[in-house]
Amino acid sequence: MLRRIFPMPTHSLVLFIVWLLLNQSIAPGHLLLALIFALLIPILVGGMQAEQPHIRRPIKAVIYFLRVLVDIIVANIEVTVQLMRPVKYLQPAFVAIPLELTGDFPITVLASTISLTPGTLSAEVSEDKQWLYVHALHMKDETTLVREIKKRYEAPLLEIFGC
Amino acid sequence: MDHLPILPILIPMLAAVLMLLPPVANSLERQRVVAFIALLGLVGVTIELLIISLSGSIQIYQLGNWQAPYGIVLVVDRLAILMVLLTGVLALGALLYSTAGDDRGGVFFYPLFMLQVMGISGAFFTGDIFNLFVFFEVLLLASYALLIHAGGKQKTQASLHYLILNLIGSSLFLFALGILYGTLGTLNIADMALKVRELPEAEQQLARIGGLLLLIVFGLKSAMFPLHFWLTKTYSSASAPVAALFAIMTKVGIYSIWRIHTVVFGHHAGELANLIQPWLWPAAILTISAGTLGALASQSLRQLVSNLVIVSVGTMLSAVAINTVQATTAGLYYLIHSTLVTGALFLLADAIAEQRGKASDRFVRARRMTSSLPLGIAFAIGILSMTGLPPFSGFVGKVLVLQSSVGAAQMAWVWGAVLIASLMSVIAASRGGSTLFWRISSETNEKKIIAKPKLFAIYFLLSASPLLVIFGGQVSDFTSQAALQLYQLGVQPELLLPTTPSLGSPE
Amino acid sequence: MDLFLLLVLPLVGIVVPLLAKSCSRTLCAFLTAIAPVTALILLLTMSQDLLDGVVLSSSLSWIPAMGMDLSVRLDGLVFLFLILIFGIGALVILYARYYLSPDDSMGRFYCYFMMFMSAMVGVVASGNIIQMWFFWELTSISSFLLISFWSSRTDARKGARMALTVTGAGGLALLAGLLLVGQVVGSFDLETVLNSGDALRESGEYPFILVLVLLGAFTKSAQFPFHFWLPQAMAAPTPVSAYLHSATMVKAGIFLMARFYPVLSGTEMWFLIVSLTGLCTFLFGAYMALFKHDLKGLLAYSTISHLGLITLLFGLDTRLATVAAIFHVINHATFKASLFMAAGIIDHESGSRDMRQLNGLWKYMPYTATLAIIAAASMAGVPLLNGFLSKEMFFNETLDQGSLGSLSWVIPVLATLGGVFSVAYSTRFIHDVFFNGEPVNLPKTPHEPPRYMKLPVEILVGCCLLVGIVPGLVVAQLLNAASSASLLGPVPYYSLAIWHGFNLPLMMSFVAMAGGFFVYYNRRTLFHFQMQFPEPDSKVVFERWVQRAIKACRFGHAYIENGSLQRYIFLLLLATLAVTVTPLTALQQTSGLKPQLPMDAASVTAAILLVLSAVATVIWNRKRLVALLMLSVVGLIVSIAFARYSAPDLALTQLAVEVVTVILLMLALFFLPQQTPKESSPRRLVRDIGISALVGGVIGTVNYAMMTRPLETISDFFVANSKTGGGGTNVVNVILVDFRGFDTLGEITVLGIAAIAIYKLIVGMRLYMPSGDEYGRHWSTDTYPMVLAVISQILLPLALLVSVYIFLRGHNEPGGGFIAGLITGVALIQQYIANGVGWMKARVHINYQWMIGSGLLIAAFTGVGSWFFDKPFLTSWFDYFKWPWVGKFELASAMLFDLGVYLTVVGATMLILANLGTLTTSERPDERVLEDQ
Amino acid sequence: MELIYAACVGLLTTCGIFLTLRGRTFPVVVGLTMLSYAVNLFLFSSGRLVVNKPAVLGQSETYADPLPQALVLTAIVIGFAMTAFAVILAMRARADLGNDHVDGQDFGTDQLADKDKEKSK
Amino acid sequence: MPFWVELIGSILILLGGFFVLMGSIGLVKMPDFYMRLHTPTKATTLGMGAILIASMILVSVNQNGLSAHELLISIFLFITAPVTAMMMAKTGLHYHLKIHKGTLNRDLADIAKQRQPPNH
Amino acid sequence: MLEISLMIATAMVMVSLVLNVWRLFRGPDKPDRILALDTMYINSIALILLFGLFMGTAIYFEAALMIAMLGFVSTAALCKYLLRGDIIE
């Protein structure tokens, strides 16, 4: 029953919040509207969503999100520093990372995270979704990098999505 | 509350919309019925408006109940009614023809057809220059779409030229609107007329540029030399009912010149009075010459008719250039005649082409037409009207134009051009006609008689020609009234700006 | 009313044969003849008045704006012509019954014939000169139809066209002349015009009028040098020739001269032009007639000659000459019509018209021969026949004039010479055809024609005899009435006696007679002499000239209208420049008085970037994708500029539109070549740069001049009424949905049309599907990149929410249905891009066409809704409501209208893009297969 | 600032027109789009340039002229519709006529087009 | 406006401007496409974030109420920036763009383009 | 102080835009240009936000939001075009 009203509970929540954010108001009228849209839009677009694994551990997800946030700041500062140095000190590289994650959505999240964080950029996913190809702006050591990514990002995601 | 003025725009629009929606959308039969009902309604409403206008009153319909210079108004004077009525009749003819099978050439024929009618009616009724632009675009876009109806290389190519030239024309229109708004600060045509008179000297030249740019824009629509090149190809490649409906398109341009350049930049515009006349004179004469040249060079009936259209445009433009009530009377009469006859001739050309097999409507020896008698009579009526020979309507229009140019400085030019064009058209038409009907190959003809609705449509439109002569007195009376009213508006534009909203004030 | 009946009867007669054509041929002819005979009887009932010089007239108002009334005016001259028209007309109808073969469509012939008769009646009986011209042109047209009656014959078609061209040209000249007459006189009423002779002769337009009117008359009457169409018109069936080319149509020109004689004659100019033309024609026609081997050709040239004679008489410009002219009109009509009919009989019964074949027919058809010989004798001017009388008068008049001073003797001498040839060709007609040995190779054995075929000839020949023998009894009164009507005054004394004693004219007749026989006797020498001058076939010459003219036109036309869009655009721009440059040069001060905004570095930088990207677009226009990228930058900067100059709505719209446009252009680019070939010559480039820079310069200058001038606009009203009257604080949006909602209605209609038009274009389109990019690389095999697909799906609800937000706030803050619609559209397109058409198709079941329709319907019905409140279309309504807990909120009809806009926009965008996608996918070859190869 | 604005409008017009004078459909469409930018800017400026006074009531004391903005909005939409049609018509022309020349005749050598032709069905 | 708010705002704005600028400098300076790809996507995200936070703070203080809708832009950029980057990288691979000389595992680029698992 | 920092930041953003355009012109390949365009979109968001702050109004916020949303679509479509030719398939 609840599933039918909220085909996408996460989405509904996000939509509810976003509506309030957009209008910058928590007036009763807007709360009502937010609710309406939070209900209505998922029903409207419900058909246009591929089935994705659900977030099993919401709290972990929040922690993960915050960690990524911090990493972004660090990443940017790092890149900025690298930028200011002459190019010859950089050691760019391509790296292939084996994936344990399954499912399109988790992989996408991982790829996005990698792109946002220090000196790495996801470039491609192999056709069988087993490998993630990453370009690093400055790679000191390949194995460290791979291990770091797997530990820091993939492991929590595995937990969050429970796969 | 009298909502008649909006109906000629609304009826075709709603009809078109209905045709996009089920249940009408699914069946061509239903679309035909809806289209017929809508057009009959349109004609009915317009006749009603015409009867009202006989009293001499101008109806002003303030859309959204906003006062005249601020909101958009529809100005329903005799001229506008005449034009819309003409559109309605022409469209009926074209529609009738298309029901015989031409509507199957592609999707959305009727919706586009009705939308084009809507655009044309809107352009005639509106009293707001930006709204005029909007309706221009409505009718143009619909015409682009209709042009490619039934497909084929020729159509694609013609519409490419037509489209691109008109897109540039639309850009120029907007430039002109920018200039006019930027100097006059208003969009209502009557209000513009008032503002033009008080324009400070510093801005007169700018407004002049605006006015002249509009001439280019309208000239392009009306196929004025040297902006007429799109016409032949476009008209001769369009499918018959579309080409017939297009007969009114050039008139939209001419109408707009009358509407804008008589009311806003007419005799009373102070320094800017009659600013287009020096340009219009040579353009009109050259248009006639170009059309004549083209008529002689034509190798098919459609080309011939297209070029005769150019000649008629030139004739009307010279009436515009003369710029008197008498000339406008003449021009309007000519306009009615040429619109309906051109429409009929395009239909006829198609019917002839259909009967001549591979030769189509080209002037070459071909098999005998099965229905050569009715088509031949129709051809004779149409071509005589078009070339301006008695006993059909063309000569009345021609003579009226000639008479009205007496005393004008360029009289000799106009007379020379019109008369020589007439002669050359006769030569071209007699050559073409005798080839089409009389140069017959031994090839046996298919026993395919022309479809009844087609024939009926052709004669329906053609009947206008003798009727215009028989009731020439009444028609020319009306056109002269319309012309008088138009010039009256040029004198007193404030007639169109009622001080209080006609229908109660907004809250 | 009786008078109108004269006009109406033949008109009714047009219909009769069409209705009667299924009856027997005789009945058909009989029924057709009813109209002219009735009219003739009707006319004769009025004869007493008309012969007494009374003018009968009647008129109805018709088209006052052009001075054309429906008016009939009868006087003696008209009476004469009407008798000819109806009388000979009726005879020809009878004759044609036997002449036409059963294969010919009798109904069609009689229909054309009556058409011509009506026109002819109209010409002579008109009381209004415009109306006269109206019928004048009708004669040309109906004669065209009659000449080309045997339309499958090339010579008939060509002859008809030639006749139409020449007489049509004359008709147009006549029109100009008549209009000028009306201008000078101030009326087109014939009576008034006839009474304004002095005014006309004194006006400055007189020379033009004279020349133009005479051009009309001369072309119609086949005067030299416009005579050439008449011999070619002999391709017509002989009844037509008998009627048109002897009695009526060619006489229309003569009628015109007779009619306008009182107003146009009496000047040196008239005399010179008319008499010299007449003289030339007279001599030329007579001379040429002799050499024609074709019977009808001979008659045609003799007709030309006689018409010249009559013209010459008018040109002599004495009152008596006019009488003579009119008399000869009667005589010529009778003998020439009978001659044509006789020729027709001969042709009909023997199968040939060639005088080299036709010999000695006397033996086979003595009765017909007798008739023909009498008529021919009359033509030659043999005494006791009518031709003699008028020829005598003619000779007399040539002697009586003195306008050429001491050279005046030339005219009678030349007239006699003409007479010599007349006699010669008449003799030839008689001798060659009926005597002169035996027929040569005739297709048929000749014999007498059916009884009633001869009847018309008998009647006409009888007339010849009667007039010739007892002129005083038969024609005196008629001639008198006609002459006085033409002269508009008393007729001078003349005598119609056969015998005037031995005088100079009689001597001239004798000389002519003797000379004629002499010439005929020595004809072989003369034929031999004439052979040196091969006579050009006027048909061929004319046709060649027309062909040449048409070829020249085609060439010229193709040269100007060469099918190159670039040229057309160039001309359009040139015209634009032409009209704008003049006022610009008159603009004294470019910059106006309005204080200008200060420059700031950021804006200047943005402007520089804009300029650079625009120029880069041009420079790299041949690398299409790059140009597209540059264009995007331009669009981006333009929208930032809108934001900068206080137009957030515009910025939003511009952005959204630009993205959709770029997507569209990319879609198109896939199917178009990736690069533009280099095909503009440097000269062309310079030209293009030049003209576009000029136009750009003009626009820029105007823009600067405009922006720097102060302006007072109507906008204050909008600001003042936006909240109170429109219920919204975003004035731009209120203008869009309320103040100028009608524009918006039009605008979404345009969008709707565009969508269905594009759909129409797409249906049935066959595309080129490149299998690799411009460098020949194969496309990537990853059709729908996974990451993109996932993210797009996540973003969709968000985007929809944003569009709802933009939609709802539009009335009060930047936003509105249009932008919201585009956002929704783009969000959906994004799904198509990321997930593919098939994926979407399986999940979305919206009919976009219906969506457009309902959008437009909603918008329109919002407008119609105001009718129920007795307000005009699109009058808006809004109110504030207060609900417990929820609070105060506004509802407005404008929102409904905006919803219509929204739906239309979404529907239109999707209809275009989604369908385009659908179309392409189904035809796309599989790259994997390609790559393997 | 007006001078620079006007210069930009002039330049955009120049570029747009130059591109419409090209012989192939794609540059022409690009040119028309650019021309419509120029037109929009021009029409917009007929209400004169004003900084930070958007015509939203309550935002400031005086307001920029809202009418030209509304007009430009309409013009943008119409321009979009027209461009869209032009684009698709260009595709259609290529499909029907076999090349992308505006006159439907291939004057230049267009080898790529030929290559495509081979692949087309 | 309290001084500290202004100070924080100013710092954030300057920071944001700086990062944005650095991103663009990287775009110009970096020798190959893949390296160029790093700088704008990252530096710009941070720069934008800083500016957005500044905007939030300043507007909130100015209007005496929480102004949080700038967060939305951040969220959007957050979600989209990595995806665009990845799409562009994909495009770059597809185009066989020149890879900087010193790059390690250059052969992986080809394999990645084919979307095959690595050979080792 | 805020004003000065805003001006400096604006200047920085403008410089970045110039640099972006330089990259856009320079290429050398199409992906580079797309990257430059994408960066331009994001920088324009910054520009508009700064302008809004400068003018003390939130009215331009939607414009920034729109650029963020539409810029993404545009870039994605461009990439797809280079990859597949047909963007909607």
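Lettered A, B, C, D, E and F in written order, each chain numbered from 1.
Operating definition for what follows: contacts are C-beta pairs under 8 Å (C-beta built on N, C-alpha and C of every residue); 3 or more make two chains touch, one makes a residue touch a chain.
Computed from a predicted model, the values in this text were never measured in an experiment.
Engineer: Touching chain C and chain D alike: which chains?
Structural biologist: B, F
Engineer: What shortest step count links chain A and chain F in the network of chain contacts?
Structural biologist: Step count on the best path from chain A to chain F: 2.
Engineer: Which one chain sits nearest the middle, judging by mean Cα positions?
Structural biologist: Central chain: B.
Engineer: Please name the chain that ends up farthest from chain C once chain centres are defined by their CA atoms averaged.
Structural biologist: Ranked by distance of C-alpha centres from chain C, the top chain is A.
Engineer: Given the two chain pairs A-E and A-C, which is bridged by the higher number of C-beta pairs in contact?
Structural biologist: Of A-E and A-C, it is A-E that has more C-beta pairs in contact.
Engineer: Could you work out how far the Cα centre of chain D sits from that of chain F, in whole Å?
Structural biologist: Centre separation, chain D to chain F: 21 Å.
Engineer: Taking the mean of the CA coordinates per chain, how far is chain B from chain E in Å?
Structural biologist: 58
Engineer: Could you state the distance in Å from the CA-based centre of chain D to that of chain E?
Structural biologist: Distance between chain centres: 31 Å.
Engineer: Among all residues of chain D, which ones touch two or more of the remaining chains?
Structural biologist: 17, 20, 25, 38, 40, 42, 45-48, 52, 54, 56, 67, 71, 74, 78-79, 81-82, 85, 89-90, 92, 102-103 - these are the residues of chain D that touch more than one other chain.
Engineer: Which chain A residues reach two or more other chains?
Structural biologist: As it turns out, chain A has residues touching two or more other chains at 18, 22, 108, 111-112, 122, 125, 127.
Engineer: At least two other chains touched by the same residue of chain C: list those residues.
Structural biologist: 563, 565, 569, 573, 644, 648, 667, 669, 699, 703, 706-707, 711, 713-715, 718, 739-740, 743, 747, 750, 753-754, 757, 761, 770, 780, 782, 785, 787-788, 791, 795, 798, 802, 813-814, 916
Engineer: According to the definition already given, which pairs of chains are in contact?
Structural biologist: A-C, A-E, B-C, B-D, C-D, C-E, C-F, D-F, E-F
Engineer: For the complex, give me every residue of chain D touching chain B.
Structural biologist: 17, 20, 25, 28, 32, 35-36, 38-40, 42-43, 45-48, 67-68, 71, 74-75, 78-79, 81-82, 85-86, 89-90, 92-93, 96-97, 102-104
Engineer: Can you list the residues on chain E that touch chain C in the complex?
Structural biologist: Residue positions touching the partner: 76, 79-80, 83, 86-87, 90, 94-95, 115.
Engineer: Spell out the residues on chain D that touch chain F in their complex, using ranges where they run on.
Structural biologist: Within the complex, chain D touches chain F at residues 52, 54, 56, 59.
Engineer: Would you pull the chain C residues touching chain F in the complex into a rising list?
Structural biologist: Touch list, chain C to chain F: 601-602, 605-606, 609, 612-613, 616, 625-626, 629-630, 632-633, 636, 639-640, 643-644, 648, 651-652, 655-656, 659, 662-663, 666-667, 669-670, 770, 773, 779-780, 782-783, 785, 788, 792, 795, 799, 802, 806, 813-815, 819, 823, 826-827, 829-830, 832-834, 836-837, 913-914, 916-917, 920-921, 924.
Engineer: Applying the document's contact rule, which stretches of chain F touch chain E when the two form their complex?
Structural biologist: That would be residues 1-2, 4-6, 8-13, 15-17, 19-20, 22-23, 29-32, 34-36, 38-39, 42-43, 45-46, 49-50, 52-53, 56, 58, 61, 64-65, 68-69, 72, 75-76, 79-80, 82-83 of chain F.
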